[in-house]
Amino acid sequence: MWKTVVRRFLIMIPQLFVLSLLIFIMAKNMPGDPFTGKITPETDPARIEELRELNGLNDPWYEQYARWVGNAFQGEFGNSYTYKVKVSTLIGERAMNTFWLSLLTAVMLYAIAVPLGVLAGRFHNSWFDRGVVLYSFISYAIPTFVLALILLYFFGYKLQWFPTTGSVDVREVPGSAGYYISKIYHMILPAFTSAVLGTVAIIQYLRTEVVDAKSMDYVRTARAKGVPANKVYSKHIFRNSLLPVAAFIGFTITGLLGGSIFIETIFAYPGMGQLFISSIASRDYSVITALVMLYGFLALLGSLLSDIIMSIVDPRIRIE
Amino acid sequence: MVKEKDNKKEQEIISAPPTGMQVVWREFIKDRVAMFSLIIMVLAISGVFIASLFFDPAEVMKVSLRSKYAPPSSLHWLGADIGGSDVFGQLIIGAKNSLLIAIAITLITGTVGIFIGLACGYFGGWIDNMFMRIIDFFITLPSLMIIIVFITIVPKYTVFTFILIVSLFGWTSIARLVRSKALSESRRDYVNASKTLGTNDFVIIFKEVMPNISSILIVEATLSFAGNIGIETGLTFLGFGLPPSTPSLGTLVAYANNPLVMSTYWWVWLPAALFILILMLSINYVGQALRRAADAKQRLG
Amino acid sequence: MSFMQIKDLKVHYPIRGGFFNTVVDNVYAVDGISMEFEKGKAYGLVGESGCGKSTTGKSIIGLEKISAGSIIYEGENVTNKRRDRASAYNRDIQMIFQDSHSSLNPRKRVQDILAEPIRNFLKLTPQEESRRINELLAIVGMPEDARLKYPHEFSGGQKQRLGIARAIATNPKLIIADEPVSALDLSVQAQVLNFMKDIQDEYGLSYLFISHDLGVVKHMCDYISIMYKGRFVESGTKKDIYDNPQHIYTKRLLSAIPDVTPNGREDRKLERIEVERNYQAEHKQYFDENGRVYDLSPISDTHFVAATSSALKGGN
Amino acid sequence: MKTSEELLVIKDLHTGFRIKDTYFDAVDGVSLTLRKNEILAIVGESGCGKSTLATSIIGLHDHNKTRVQGEILFKNKNLAKLGEDEFNDVRGIDIGMIFQDPLSALNPLMRIGEQIEEGLIYHTKLTKEQRVNRVFELLTQVGIPNPQRVARQFPHQLSGGMRQRVIIAIAISCKPQIIIADEPTTALDVTIQAQILDLLKDLQAETGSGIILITHDLGVVAEVADRVAVMYAGQIIEEAPVEELFNNPKHPYTRSLFNSIPQMNSDGKKLNVIEGIVPSLLKLPRQGCRFSPRISWIPESAHEKDPVLHEVAPNHFVRCTCYKEFYFKGEEGGRA
């Protein structure tokens, strides 16, 4: 198993390299420099050239790239043009918000998807199953932003059950219990929206896995042993169907991050996705570069995590 | 038992291939919801194209401050937006643009994906290895963000660059699916038989393998068409879609970013959102019904 | 005089492993076998699953890459021309597959399936082609109206007969039959075997008959080779193999075949146990220290056995 | 013929599958008796209903789509009337089952030991330690060397023959009186097949249980069976002790089958071909002799209207009277 994990890690290295190269090229093509924030219209052109030289922007591209990667490794992406603070500080704040939102989403996601998928599979072709199929069909077909808007319109504006913007009520004192409750309260609607959209893949997968597993020979063996029906489900069918789902966790993370751009924008939730969109709007390139890099890294990490979990839960991979 | 059932059905249809369009159509007639979705889909799409003939984009987009946020009336069927422009007209023209762009993206990603997928699945070896590495990499990329960045840094941004940028990230999933189907199909003995009978690879790929996965290709094209409508409108919604001169369904929905419009002037954004929803539901249902029909195991019988 | 020789044929697959997925070893699927084919004779290739018999057939016809060795056809080296469309070899060597169902393209009508080799190899006018298709259907005992049907409208035995019709469309010299009847029921199997026999007699065909079923092989073949781990352990006429088996593996295989009579089954069981004991005891004389089968050495004009000379002396 | 007590008595069993609200009987009036200490082979070609018969006995059919009528009497219980849950008091304890494909019949995610132990958990009062010891004992009994190690392994780590031994160990774990083996060696190589068949025979002799062996391979039947029932189109058409059946087959179908085997000494002679094809379930002739369409040269009058089994020799039963008139096509004089 360790061999698989280490090999998987090694595969990640060239992927990271290509990713960083891609982003570096994009960054180079963006108007402006890492020190754009320090320039004002009154700055002397000679001074700019001096700054360019000083910052090594006239060096060959590979030297610049090496330096850029070196900085990136230390979390150094320059300063934000709009906020006039270090990019790392800015992202750090927002990242925590996104992290908590994603965590709540993941909890809701599995809490909804696993029972629905498993039960739909067990009671295949029942009314319950048909309901689940309908639910997953609709949430598959509906685009993220449409669902988000409709939920926001009804639960936020019409019924006013949930707040429509922000991550916390500004009147609450940080650290107090009310503060945390307010935080969770603000996360519920965006997390739920995101979770509903994420459940589709898991429900469909689990349902077909369970349905297929029912006619597997090993289930027949278990029945032939005289194992009670409930135990056949819990020990053989559900376990065998759920283990691969565990490996979805990594991809779920990737998926949640991708969706967070829409969700955070619509619910005006101050996370990384919203920061990304506002940075694009204000052409705050150093922040954009850092965010793309971070997202790419997290996505790679997610797929790595999935592969590792898979190799842990499946003995066919575990024992080589 | 399933086999027995098939035998009976085969008796009725004289000499039709097991997954021909005829069979698919018969399945469709049996599934009322699918038929209903198909009708909705055809009506919505053809309705948009026909209605768009009666709207002059310049006329529709004309600013008329007097009718700012006018509620629905006989003059403005769906009211007017902040500039007093007719929402219904924008809806029709926007929908036409959205549909055309989604079709273009589907055609490009479909063609590229099918070619690469077939080549990978049939030949295997280093061709497969190379493309699979590329596809794996693409799939882990935060593609939405990169598309947005691309869109903002492309110097001369037009509808065509938009289509190309989105297509650049869209072909991988189709290629992956076609590859897996082509792979299992290529392992079947009829492909081996054709090889031993002196048929060349090119002919085998396009005349033997492709027809056998054609039903899956149609299904995927349908579903990815729906997906592409979602991607285009979504990006436009965020403000990174079509150039401002070309309205899209997403442009209308984007008005909802303004809390006042969202809560009060619902007629500006809600019809477009609902139209997208109906379009997506019907196209997706048609796609899934096609998938059921193409798969002998899932046929309704 | 043989029209085709296979010399020291090898098919190796690399095993990748280690951190960098480099080639760490090879699977010796076929590891140096030689054969000759004469007109009108049937050659049997027998062995248990994974012994390389199917790979041998596939590599001869060009579906597997040959790692080493050569195939000489009519005096010409065709090792790397096996899939050359223009070559006579490709036309003259044909194949019948195990799974007749999957060997017929489900979306093609019978007439298009049968026309494929005709169009590729023979320059016929449409009328001649159509006549040839009717002829082929007649040979395998199917009505002409089968032409317009699709494969799924036929039973297993009929499909295999269509497979045979396709294989003989170009008047080949050698047909490689890879487990052609193992998926069929007994009565259908008999029908297909009868057909294969009839066609062989009528057209002077040669067969390379690959099977795990020693009964079927004995019924069909003149010469038989027993394969184990990619190599021949014993090769000879049908009589040599069945009446005078020399290699311990051949003996073990023969003793394991159930006899279709219950009379004397207790004795057969005792014999099996005896052979199994010898198999363990005499292993060293038939396999080298790596478990590899020795090279074949002749014990008569037709009979070859892979063993050390001491084993052969002891055996005789 | 060993005369010993009857373990299982099947009377007029019908097992039907539901297709659009109609039931089609794949097993159509089968009566059989399994005795202690014997191997009863049920032989037939694909689609004859032999596997359906096996699943009906052990209740592994889909209870929603299948209808089982008739009597399967075991220990004063009629198994045909049991529901899915009630069957769990029979399956594993009294009846064990051996499957065809040993790889797919084992749970890929469970250790071998756990899988063998599972039946013991529900059917015995053994402690954990006793169960583990019993697992080792079973593995040794089915001829697996180093049971401690194998018990900790997963199915994919074993060879095909080893896996089938594990399946057998599972089937015999609770010392059932009846074992049903459904094509137990079809997926195996001949050398492994011989070992597994010998093992089955030895185990049977040791435990005195009764084995129902489902197979299509007459060779396998000849090697291990004590009694044979030949099935065709859902019915038993001939039943006899093994020597009697092989040396003196009566029914046209049985005789035709024997003549289509490419035997060790058939040497290229024409094999017998049975005309026509096995009728599909939906088109089964439900009346008259079901084999009559395939021996069309035998006059109608030779068949019974409603064929029943006739005892033609001690314990040798043949369905329909047509066997008396039967001859192979082209051998007019060769009447039985």
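We call the chains A, B, C and D, going by the order they appear; numbering starts again at 1 in every chain.
Basically, a residue touches a chain if its C-beta (ideal position, glycine included) is under 8 Å from a C-beta of that chain, and two chains touch if they have at least 3 such contacts.
Just so it is clear, the model here is predicted, and its values are computed rather than measured.
Visitor: Can you list the clusters of touching chains once chain C is excluded?
Guide: Drop chain C and the rest stays one piece.
Visitor: Which pair, B-C or A-B, has more C-beta contacts?
Guide: Result of the comparison of B-C and A-B: A-B.
Visitor: How many Å are there between the centre of chain B and the centre of chain C, using C-alpha atoms for each centre?
Guide: That gives a centre separation of 49 Å.
Visitor: Compute the distance, rounded to whole Å, between the mean C-alpha positions of chain A and chain B.
Guide: Computed from C-alpha means, the inter-chain centre distance equals 24 Å.
Visitor: Counting only Cα atoms for the centres, state how far chain A is from chain D in Å.
Guide: 55
Visitor: Provide the C-alpha centroid distance between chain C and chain D, rounded to the nearest whole angstrom.
Guide: Averaging C-alpha atoms per chain gives centres 32 Å apart.
Visitor: Listing for chain A: what residues touch at least two other chains?
Guide: Residue numbers touching two or more other chains: none in chain A.
Visitor: Tell me, which parts of chain C touch chain D in their complex?
Guide: Touch residues, chain C against chain D: 48-49, 155, 157, 185-191, 193-194, 197, 212-216, 218-220, 242, 252-253, 255-263, 265, 268-269, 272.
Visitor: Quick check: in the complex, which residue numbers of chain B touch chain C?
Guide: 6, 10, 15-20, 188-190, 192-200, 208, 211-212
Visitor: Can you tell me which positions in chain A touch chain D when the two form their complex?
Guide: Those residues of chain A that touch chain D are 216-218, 220-229, 231, 235-236, 239-240, 243, 313-316, 319.
Visitor: In the complex, go through chain C and note every residue touching chain B.
Guide: Touching chain B from chain C are residues 58, 61-63, 83, 85, 90-91, 93-95, 97-99, 102-109, 116-117, 120-121, 148-150, 152-153, 163, 166.
Visitor: For the complex, give me every residue of chain A touching chain B.
Guide: Listed in rising order, the residues are 15, 18-19, 22, 26, 29-31, 137-138, 140-146, 149-150, 152-153, 157, 164-165, 254, 257-258, 261-262, 265-266, 276-277, 280-281, 283, 288, 291-292, 295-296, 299-300, 302-303.
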